Amino acid sequence: MSILNVEQAINQALQEEMHRDSRVMVMGEGVAKSRAALLASFGPQRVRNTPLAEAVISGTAVGAAATGLRPVVDLLFAPFLTYAMDALVNSAGKLRYLSGGQHEFPLVTLSMTGAGWCVGAQHNHNLEAMFVHAPGLKVVMPSTPADFKGLIKTAIRDNNPVLVFTDLSLLHASGEVPDETEFLVPLGKAAVSREGTDVTLVSYAKTVNICLESAKQLEEFGISAEVIDLRSLKPLDEETVLRSVRKTGRLVIVQEASGLCGMAAEIAALAVTRAFEALRAPVVRLTGPDAPAAASWVLEQATVPTAGKIVQAVREMLPHAAPVVRQQIVQPA
Amino acid sequence: MSILNVEQAINQALQEEMHRDSRVMVMGEGVAKSRAALLASFGPQRVRNTPLAEAVISGTAVGAAATGLRPVVDLLFAPFLTYAMDALVNSAGKLRYLSGGQHEFPLVTLSMTGAGWCVGAQHNHNLEAMFVHAPGLKVVMPSTPADFKGLIKTAIRDNNPVLVFTDLSLLHASGEVPDETEFLVPLGKAAVSREGTDVTLVSYAKTVNICLESAKQLEEFGISAEVIDLRSLKPLDEETVLRSVRKTGRLVIVQEASGLCGMAAEIAALAVTRAFEALRAPVVRLTGPDAPAAASWVLEQATVPTAGKIVQAVREMLPHAAPVVRQQIVQPA
Amino acid sequence: MLIRAYEERLALMQQNNGVPGTCTSVGQEACAVGVLGALDSRDRIITNHRSAAHLLARGADPGRLMAEVLGRVDGYCGGHSGSLHVSARELGVVLTSTIVGGGLSLAPGVALAQKMGQGEEGGVVVVFFGDGAACEGILHESLNLAVQWQLPLLFVCENNQWQAYVHRLETMADDAIYRWACGHGLDTQRIDGNDSDLVLEAARQAVGAIRADGRPRFLELLTYRQRGHLEPDDLAYVDQVERQRWLKRDPIALMQARLKAEGLLQDKELRTIEEQIHRQTDTAQAFAEASPWPDPQKLLQHVYAG
Amino acid sequence: MLIRAYEERLALMQQNNGVPGTCTSVGQEACAVGVLGALDSRDRIITNHRSAAHLLARGADPGRLMAEVLGRVDGYCGGHSGSLHVSARELGVVLTSTIVGGGLSLAPGVALAQKMGQGEEGGVVVVFFGDGAACEGILHESLNLAVQWQLPLLFVCENNQWQAYVHRLETMADDAIYRWACGHGLDTQRIDGNDSDLVLEAARQAVGAIRADGRPRFLELLTYRQRGHLEPDDLAYVDQVERQRWLKRDPIALMQARLKAEGLLQDKELRTIEEQIHRQTDTAQAFAEASPWPDPQKLLQHVYAG
């Protein structure tokens, strides 16, 4: 175990996988600078700065993946994926199926999103749901340094295109990360970040931490919240979510992305189609608004679900929950 | 009233709006041929063939909309929108908000999708949910010629970007269309295509007809199905859906698009968050699979929800519904 | 070699006439035959919606190709593709996108894999695309990347004057494609795409040069789409004067005339070949029509790789 | 005119130094001052992430600009934009996208609206973009459309040698941008972007020509980004030899030297101007910092138009 932040964990995953498999390569605008250690280890053939041309960069990754390489493309900020949509959605996601299984597309895209840098909606757009909706693609969005490492390593080894989204507010968050080069986190497995019995809080990426914070606050009210970190949005670990909802009967889904046709809608639909009998209260979605992210700090922050709102929503679901009476330790004056 | 098919209804809407407002113009690959009547009426300045360059065509529409024109862009098939994503998602959807309300983007995109032509996933991809998820955009997907006319006219008059999706299997479907040039269908209003009391079938585009067919079949089993045609996916008419679900207590959502993070998820989430107490059975989603559309007729058709499946799902919800006993008319031998 | 090529072309024509609902290559056969004649089995190809000539010239089985067009299980893609995105890995046809410009985005990656050792030594990658695709921004990105990264990639633009129902002069200046390519500073040739000898010669030179120095080359082949964009098509929008001019320069007629003039082809021989092709096409059709439909139970097979 | 221009540039420098977290135009002021000097109020401008010089040269209020950068309610966009997408319709700065190449996609539409009567008679549209943006496919599409549709659009590429943290020679050939533009067959000039007189002269010519015939023109301005891509930046990746060469050709120093040589500027005058600018910048900063934050209750205002 080492203490690494998310950025370090990502780089460690890349370093290990490039070391393990010479077909793995990294490309993107400025990667040879932003990931200088990789350049030093693997040289300019395998760590390639690209022109500013996301469409062809991603298309190149798709073409290279189909014919023997295992590219990792750094596309910087998620909104720039709009230039890469044909390559990702129409080529990487569809050409395997349309070819009757002749091709595989083992590629990984990296990109960042999320509030925290006051950069506005053209850099901050949580659009992961668009790719969850698109067939043939896998999508992960971890919340801890260890999961970043383990999921990126698995993604690189996967024979399908995997999109990895990084909430930029997590970049400098640190945590314990296993040192083993065979530390892999499977795609399609959610993590139960905290066990509980009264309500299930489902989330992913930075809002997992907000859910954990809420769970702690809910304890004060005698409410035991289970927190599920989806980690992998597609494939989705339906069973872990359903098991928890069947246990608690109450579900709150929290995401920073806007609500309409987002992951929270998918999870709510999952619960009401497959765990209906267990539900004891209306499901609650706490999401970002149907609005672009503004740059101004106060507006940007206003779009992020808060622990306060989560606690309030859960308390309304459980109006009879009694606050935990703590022994008052009277301080000597 | 005239009997028009969908294609004629679309052209009539364009014709009327171009006549009414000289700022309305149409552009796209081959529009001057495919919509020759418009060219004849309004000339090559306002009916423009474009180069094959969806990114700049859509960007041009956005720029023109911001500075005084009201463009309608024909982008042919929905998957080609992947080239137009920056213009639509990052510019049209965000620049009004990011500019603090300085700009308006009154533009309309047209594109086709849906099974029926055996053209495969690079022409047939029901990706409307991606744009529902994106802020600042409106999305409509009508099912009748009259709604095509009325919604496109409203869309052209709206000051926001509106994406109109046409299921290509509807192109030759005919129906009564009001002749009035002021016939407008508001955005954000669903249609109750058929009233019923036992179950709510929510759908849009071609699958509305399949729902109507199912409703007829369900009558045979003494089940009264209400069919709601969303028409406008965003803004979404939440109240009409909720009112119906509160009445029937049962909800089946039908769409051809794949399920994950699609409209059906959104509607299911709406029901379980806002009409939970009224729900008497698990919600059912009948959607296309998480797979690209194959070209082969049999595979293509296998992705479209059928009346058979809808009827079966509803009957499982209402196992005690009695088949209607009809008088047997014995034919003389 | 020439005879074989000719044979394929004629097979192709016959066949295309028999299969509606496709984008035919009729009139453009010399492009396919010439370029593919310059390649060998090391080389990899990327094509587009108008792929029949490329595939047949590469040795595709007409029966399997037709089965694919009909959506049958014996097609090259098991019926998943239909006519628009046929790829056949076994023939080195590695990727095909029907998104106009899609191949241009994928090609540098295939060439990069080649350059980085993921192909047979000395292999070259060829991407076919139309004059319409040349209007897409991806051409610019693809050329720049190929030049900067020194990729072993041959760009082949079949300039057939049409972009679906729009004549190319409505979308670009007369000599645009050639000039655009030149602007990227790579070796570019613009030649008569209806003369299979010329195309073969130019392609051989270009491919040889790429094998030698690993850098990209560009060929613009001037040709003409004799039939509609997508069958059936009444051609009502087509300038008949221009069309007649090009029909007089039909690539197959040109070649036959030349072969006859050179004494390499006799009328009798030609008739034999025609009959042979006719039988071959009949066989293909019978095969395709007899091929079963895919099993809808296997609808989800091949969405994700294991 | 020259004095005013100089003044703005200096104001700009001072100001940029005072506001971290932005993409400064330091070193590129002559491009902005020269091009905007050639425009009048009929004309419309589209800019990008590196917009401060364009805005100030167009007469933007430094206080409101700084307020925008700080995300305050008195900013040109009410704090919604921050520094990256500032537009100011009242100044004719009609659209700004921070997506590299975004402006190139929007510009033909603005020019089309102009051509179709939605602007003041004779107005010209100018789009500013970088050498990095020139690598995006949208450049190709935008140029082709502008040429084919004969749009009154001036393309201004500020080739500042850098594309964020990558030197442009890693992404394109030395003379690439100029050649790409030429390939589209429109009048193109490549000039020293650090000499505001030259820029002004070239822009005047181009704008005059556009007003006369309605067709697009292209200017490539060779300049240099003296500071980092995004403040703060240690410039550790920068070639210092190249940088020093360009610093010696600082556009403001060049202009001051020329004005002094021509006797149009005295040291005393210069000091007065500097002081004036200093005060102006102080005022701007005070204004910006005093401006309130936007009201989170109004978060959803302006998402959709009524």
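To keep things simple, chains are lettered A, B, C and D as they appear, and every chain counts its residues starting from 1.
Throughout what follows, a residue touches a chain if its C-beta (ideal position, glycine included) is under 8 Å from a C-beta of that chain, and two chains touch if they have at least 3 such contacts.
Because the structure is a prediction, the values reported are computed rather than measured.
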Would you identify the chain whose Cα-based centre sits farthest away from the centre of subunit B? D
Approximately how many whole Å separate the CA-defined centres of subunit A and subunit B? 30
From the mean C-alpha coordinate of subunit B to that of subunit D, what's the distance rounded to whole Å? 42
Report the inter-chain centroid distance for subunit C and subunit D in whole angstrom, where each centroid is the mean of the CA atoms. 45
Inter-chain centre distance, subunit A versus subunit D - centres from mean C-alpha coordinates, in Å: 37
Going by the touch rule set out above, which residues of subunit D reach two or more other chains? 79-81, 85, 97, 99, 101-102, 135-138, 141, 144, 148, 170-172, 303
In subunit B, residues with contacts to at least two other chains: 50-51, 53, 55-56, 79, 82-83, 86, 90, 97-98, 120, 122, 135-136, 289-292, 294-295
Going by the touch rule set out above, what shape does the chain contact graph take here: line, ring, star, complete or other? complete
Within the complex, subunit A is touched by subunit C residues 44, 46, 75-81, 85, 87-89, 94-97, 99, 101-102, 104-114, 116, 118-119, 137-138, 141-142, 144-145, 148-149, 301-306
Going by the contact rule at the top, pick out the subunit B residues touching subunit C in the complex. 29-30, 32-34, 49-56, 79-80, 82-83, 118-120, 122-123, 289-292, 294-299, 301-303
Subunit D to subunit A touching residues, read off their complex: 21, 71-72, 79-85, 97-102, 132-133, 135-137, 163-166, 170-172, 237, 293-294, 296, 299-300, 303
Which part of subunit B faces subunit A closely enough to touch in the complex? 79, 82-83, 85-86, 89-90, 93-94, 97-98, 120-122, 125, 127, 129-130, 132-136, 234, 236, 257-258, 260-266, 268-269, 271-274, 276-277, 279, 281-285, 289-292, 294-295
Give every residue of subunit B touching subunit D within the complex, in rising order. 23, 25, 45, 48, 50-51, 53, 55-69, 71, 86-87, 90-91, 95-106, 135-136, 138, 159-160
